[in-house]
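We call the chains A, B, C, D and E, going by the order they appear; numbering starts again at 1 in every chain.
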Amino acid sequence: MSTLALLILLIGLGIVAWVSARLRLSRLAGEERTHSLPLYHGWYVALWTAVPPILFLILWVNITPALVSYAVIDTPVAARILPSEPLERSALLAEARALAKGQIEAPFNADARLLAPAYAETQSRYDLGATALALILAFAGFAYAFTRVRPDFRARTRVERIVMAALLGASLVAILTTVGIVASLLFESFRFFSMVNPLDFLFGTRWSPQATVLPGEDPGFGAVPLFWGTIFIGAIIAMLVAIPLGLMSAVYLTQYARPAVRRWMKPILEILAGVPTVVYGYFAALTVAPVIRDAAAAIGIANASSESALAAGLVMGIMIIPFVSSMADDSIAAVPGSMRDGSLAMGATSSETIRRVLIPAALPGVVGGVLLAVSRAIGETMIVVMAAGLAANLTANPFASVTTVTTQIVQLLTGDQEFDSAKTLAAFALGLVLFVVTLLLNIVALRVVKRYREAYE
Amino acid sequence: MTGMVAQMPDRDRKVAERVPTDWKTGAMQTRIRRRYAAERRFRFMGLAAVVLSAAFLAFLLVTMLAQGLRGFTETRLALPIDFAAAGLEVTPAQLEQRGADAALASAGLERVVDNAAVAAFGPDGMDLISDTAWIRVGERLKADPGLLGGQAVIAVPASAGVDLAAKSGDTPLDARVAELRAQNRLTTGFAWGFLTGADSTDPTRVGIWGALKGSILTMVVTLLLAFPIGVLSAVYLEEYAPRNRWTDLIEVSINNLAAVPSIIFGLLGLAVFLATFQMPRSAALVGGLTLALMTMPVIVIAGRNAVKAVPPSIRDAALGIGASRVQVVFHHVIPLALPGILTGTIIGMARALGETAPLLMIGMRAFIAGPPGGFTSPATALPVQVFLWSDEVSRGFVEKTSAAIIVLLVFLLAMNGLAIYLRNKFEQRW
Amino acid sequence: IADPAAEGGEPRDRIRIVGSSTVYPFTTAVAEGFVNHNPGFEAPIVEQNGTGAGISLFCEGVGARFPDIANASRRMKPAELASCRQNGVTEVVELLVGIDGVAIAESRRGTAIALTTEQVYRALAAEPYGRPNTTRLWSDVDPALPNIPIVVYGPPSTSGTRDALVELIIRPGCLSNPAMVALEASDKDRAEAICTRLREDGPYVSAGENDNLIVQRLNANPDAVGIFGFSFLEENARTLRGVPINGVEPSAATIADGTYPGARSLYIYVKKPHMAAVPGMREFIAEFAGAWNPGGYLTRRGMIPAPADQRAASLERARTLPPLTPSDLGEAG
Amino acid sequence: MTQVHIDTPVQPDAPAPHKMTARNVDVFYGSKQAIKDVSIDVDMDRVTAFIGPSGCGKSTFLRTLNRMNDTVSSARVTGDIRLDGDDIYSPQMDVVQLRARVGMVFQKPNPFPKSIYENVAYGPRIHGLAAARGEMDEIVEGSLKRAGLWEEVKDRLSDSGTALSGGQQQRLCIARAIAVDPEVILMDEPCSALDPIATAKIEELIHELRGRYAIVIVTHNMQQAARVSQRTAFFHLGTLVEYGETSEIFTNPREVRTKDYITGRYG
Amino acid sequence: MTQVHIDTPVQPDAPAPHKMTARNVDVFYGSKQAIKDVSIDVDMDRVTAFIGPSGCGKSTFLRTLNRMNDTVSSARVTGDIRLDGDDIYSPQMDVVQLRARVGMVFQKPNPFPKSIYENVAYGPRIHGLAAARGEMDEIVEGSLKRAGLWEEVKDRLSDSGTALSGGQQQRLCIARAIAVDPEVILMDEPCSALDPIATAKIEELIHELRGRYAIVIVTHNMQQAARVSQRTAFFHLGTLVEYGETSEIFTNPREVRTKDYITGRYG
């Protein structure tokens, strides 16, 4: 029986179990009040019936291919034709299996045809076993749970415990993801650092990665220009745009604008954050960058690059406006209204109230928001890929081309180079740095925001 | 209290010294005028910030529209073909069967069309019509097999050069196009092919459907994974989690994941899904998994806020009549928090839909000439398509890139609009 | 438990192609033509990951997990073939599909200059002939050249065009000096460094992979020179002009006959065992062979057709599929 | 504080068992003690009022009586609280059943954002009290009638419960509590958010319900305590200062703090 | 409602001008009328108390007296309110000055999250009342002394105002209001968030301030109104039910609603 059919059968059995548990309960209980509603008894028995065999099936689906393959290897045909080289052998086995399942018509290796019947035969034997085992499990589970159905049985508590386990499991996915990220970055980074000295990487000022690192030579993996470029674009230029615009927009919308204006303008500004970054990148590269270059040329700056830090930073700043403004908005709104009333009642004007009371009181929240915005900006990729170029310059000239960590990751991993080289691995090391920096930024930002929230709650 | 009484004489002495403030003096009036001026300036700065930000948005959208709308049209050339004389080895009966495309391709339709172009427009005829004009002719034939027996004038897509010359000029073909236009052989129409086709190397033939379908498949995977996991963990963290080091760790992870650069998720996908689990490269499945990990924290955070916003009085009410905590959550909290959760989900999904960098990492930047068949077949996604087209050699791709951006923006604005609508509709009902 | 059959990967229904980004636009065009002309087959997947990376992926083995075809903007190296064979990829078929040029170009509004490979090397190398590069103006390189600053927009170090630039122009410019030839014999690594490293102090600007942007920059800065694939020059012939190298201007003709130094042959490498196992391989190769002739659609996309005799030879190979042997490469190399 | 001897004023004649008894109850929020050594009895057919200045622990103590404090993770209860002689904090006690038997009405009316019918039917539904739809209809009607709301809402049972006026909402909450057929009803300042007319209605309702349930009511309004209760407990800073017959407490308090509070010297 | 004749109880002897007068004031929130036709006088050297059940409009009316209702966009005020004879709702009236002259203290102490010194100095600074640093020091010291807080905080003027206890915070807010040298001080339930001891301190402070300012205080606590005020206004459902000498209102109310309220029949 195919796995899918078996799955459907098990679900069917679960439904039968659900119904029969309810019937049994109503027969046993009669008019008596039961501890748990029939529904929970139904679920309890259904889960016991269906879940163990399904878990078994999942396990089974993952291990049978291996078991079947080993069984096939032990057949006389296989002993005769299987090559000894592991890769070839495995390719042959895979093809034989595909032939046996009818997934392909012709194999790469003609020998696979000889092996296919053995595969088909073994596979069907194992499938039969799986079906039998699954059914036994289902009935055993059913019997166990069914006999426990009694009016005073606390089925609800049991079922709820399972629900809680599911909830806990879901929240662990976040941890798994974090672990996955750290593991995948750390492993490759270690390999990189075995080729390149970490100090050279972190403090070197020349970024010109070569695929192979010759001993005794500057490997060109000094990431300082990348770090600088990232900070220059993401934390300096973008913030010069985003902080004043975002903060003032938040102030205007929360303190001055009529509710109708606020209701409309806020979501409109939020669209700025919803536009895909690849669109910003295109916009920056094709519309903003040429304007900036021409403007630079017009004011006599020679050699203005068309891929300037300014173009990327400017557009990124625009993208970040809603982050700053919504965080500022929240923090200003979180300042108790009594502060504002207190100041107004002293005869302060609105702007005095905002500047001297509200913003200072909201400052930690605003700062936290800005830090989050910075972390978002330094992680931004596409705008820089498309608009700021690849030149790892260590320059403070906004009209020059600079590059960022994320851009280099994309370049290193999608450009023309061999895998496993220092160049590829460098991408993971850069990713690790990026991850650590955003982690720190976030922890600081969340601390700041939280402490400040607590101050008012 | 007794202490206060003791100080009283001292206080009274000091207090009497102040003269009442005179608000009518000139200095005071000037001061007040200055304060009001500062107030107006400040307010104006606020307004300017809002207007400026909105103007950026408007400028961006208008630019994209202006550049992209032309991408939805195509230039067509009226091409007379004499099928009867061309010797096409295909019968009308064949055209009505399933293998019609193959029959036409092997019958040499391409050659027939090329010859017709040379016959109609002179030696440069083949440069005037699109390389794939014959496919359009084939479609006409399939729709109307009767044409095979005679002559017909069929509007076929013009080549990229002609298209460009007709739309914007300033190309080597300008003169030729003017001539054709004078002969009334040039028409412009809506490029349906753009909405139904897939990637191509020829700007006159590219379509957005392949990328769109890739995006849809990716989003389906993302939604199916991120939504339930996100909602369940939001509920767990907000309603059940004991305050201890573990939950702190989960919280920190989630908040951090929501801000981790998207490209890092790409690296994760590369290392875990592709390298460790051996999943197929370039597949929507892997893209969806990667984006789901990215979207999940966004949903968790929105979900927690929504759950938090459900007034505790509702929980008390349910607990007070003997509902268990799981019943409280599933009967009351989740239904009431749902609008908030959905809003967060839509916003997270919109972000995932616009995401490019992680998809580049897992190989969704390949050239794929047909729409993806399923979750494991190779696919691209809309934003990646935009990125790829922006890098194309041919100038014809500029307007196609903008057109793709318009399609992408329409989707995103619709999603954001829906989120805003939900938020406004369900905002604070209690 | 590890499955002994799992390393072979799942069976495939479509062709997978990897390799050079230079050949990529042509291969994708062929892939598209292939789908149009053979509606029954799935569209091939074409990835651009560079000649070197592509060949190394290609050479990893025979079977569904491995690509069927590698695009290459240069010939396979004997070492690469050796690694192929080591992994069981014994039957590799080499097909010459056409010729591409690395064009040096400038805006039509600028002062026309002509260069030699040696001048280019001296202007762009990090250490021309072992000494630090101090040139700032073209006239520093050679007094005969105009007195304008050296601004060269070229491919980044991650790009295949960069490899071609180095192989076709920079290295020959370097090796035109006999001392360097001698050095190469004595200290290969040092010679490699001197002859292939490009300067990073400003005049050579690594532009993005996006060649369109280079074109834009040249239009903006008439004194600048750009280096990119010949097809971009053709596409933008109205605004750009090719810079003659060693007295030869880049054009379809000079590239095809090999007189332009920046010309390179484009290859695809095919695994013979895959021809039977992957659906559509034969048709795909046939499609390629139909498209590379003069007037074929590849040439309309900027590829320069190979000379007629080479085309005929390739066609014959596409039919008979003779495996590549080390001696073939030895003859070439 | 003087130890209050709780048995004196309660039952001078018969040893009828108390519905609920609390003995030496302490409640802590983290390390902060909110209730100190409180002992009290709750009887059927009586309304017991808790009074005292803000923050003295009235609500806290009330919530220990049906273990609603379990929801506050920092809260910890010691001492002995029994319902019909069963220790409600013992592991054998099922909180869900406990809360069905000891219902609660809150300060702010908190109907579910569902229809009026569903609001009342929710409790019976989760406890499986009605087998059929008709039975449920009966329960809903009966509860609404006893809560004195039936006449006002019988034609719009499917309207949202939140669309009612404050006083109606509070009566709906009472109906909801009654619907699961509890034995004790705890009310935490049930009228403090209501206008005088609605307040009067609720007070009247309490009078009517008294015959059937043991009722405990927290109130800020001393006049209200005097009007509705038979017995009054005065809390101050977490301790039970005085506990006795309402008439006595209001006319002749034994403690000076009680007297000061009742006459408005503080609070 | 019977029209209250407001002149009768006020000044039987002399026509000394009132500090503030309100005549026929209506306040609307959107279309909902919160205050109906209220007329009242506020005099120097007197404390006027507003009492009434929750939601009757006490705060609303209080806030019309220094135009704090301007901050509620839906609020609309009609009628005539004068400060020293000037219409405070006329376009010529500068709100900034008005609020400096009519100070306000709120229900919940709301010191700014700044130092104690800066809290008090804030008003004088924005109004430019102090030319030099020394002058400002004097203002701060004087205000804190008058608010009876100086001795408690003089050694920690640079500590944050929010670090004080609730009662101290409220006195800080009073000091802050005093610092701009107002003529009228409005207090909206200034003690409702405070404990009895802090309340007593504030009540004492009000007694002392009475000599210098016209004071209006809203309170829920009738005993408090009786203790601190000379004149009392009783509001109900937005109307002014009774207004007169405190002693009279509490001992001999003319209206039955007033009496019911004072004796705890409702509210």
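In the analysis below, a residue touches a chain if its C-beta (ideal position, glycine included) is under 8 Å from a C-beta of that chain, and two chains touch if they have at least 3 such contacts.
These numbers were taken from a predicted model, which means no experiment stands behind them.
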Q) Counting one step per pair of touching chains, how few steps separate subunit B from subunit C? A) 1
Q.
Spelling it out: a chain qualifies if it touches subunit C and also touches subunit E; which chains qualify?
A. A, B
Q: Please flag the chain sitting at the greatest distance from subunit E, going by CA centroids.
A: C
Q. Across the interfaces A-E and B-E, which one involves more C-beta pairs in contact?
A. A-E
Q) From subunit D, which chain is the farthest off, judged by mean CA positions? A) C
(Q) Please identify the chain lying most centrally, where each chain is represented by the average of its Cα atoms. (A) A
Q. Between subunit A and subunit D, what is the separation of their C-alpha centroids in Å?
A. 49
**Q.** Separation of mean Cα positions, subunit B and subunit A [Å, integer]
**A.** 18
Q: Determine the centre-to-centre distance between subunit A and subunit C, using the mean Cα coordinates as centres, and give it in whole Å.
A: 36
(Q) From the mean C-alpha coordinate of subunit B to that of subunit D, what's the distance rounded to whole Å? (A) 56
Q) Touching two or more other chains, which residues of subunit B qualify? A) 35, 324, 365, 390
Q) Residues of subunit A that touch two or more other chains: which are they? A) 156, 285, 349, 352, 385-386, 414
Q | Numbers and ranges of subunit E residues touching at least 2 other chains | A | 96-97, 100, 126-127, 180
Q. Mind pulling up the subunit A residues that touch subunit D in the complex?
A. 33-35, 37-38, 154, 156
Q: Would you pull the subunit B residues touching subunit A in the complex into a rising list?
A: 35-36, 38-39, 41-43, 45-50, 52-54, 56-57, 60, 63-64, 228-230, 232-233, 235-237, 240-241, 249-250, 252-257, 259-265, 267-268, 270-272, 293, 296-297, 300, 324-326, 347, 350-351, 353-357, 360-361, 365, 383-384, 386-387, 390, 398, 401-402, 405, 408-409, 412-413, 415-416, 420, 424
Q) Mind pulling up the subunit D residues that touch subunit B in the complex? A) 66, 68, 71, 73, 95-100, 103-106, 108, 110-113, 122-123, 126-127, 162, 173, 176-177, 179-180
Q | Contact set on subunit A toward subunit B in their complex | A | 156, 160, 163-164, 166-175, 177-178, 180-181, 183-185, 187-188, 244-249, 251-253, 255-257, 263, 265, 267-272, 274-283, 285-287, 318, 321, 325, 349-352, 354-355, 372, 375-376, 378-382, 385-386, 406, 409-410, 413-414, 427-428, 431, 434-435, 438-439, 441-443, 446
Q: Sort out for me which residues of subunit E touch subunit B in the complex.
A: 94, 96-97, 100-101, 126-129, 138-139, 141-142, 145-146, 148, 150-151, 180-181, 197, 200-201, 204
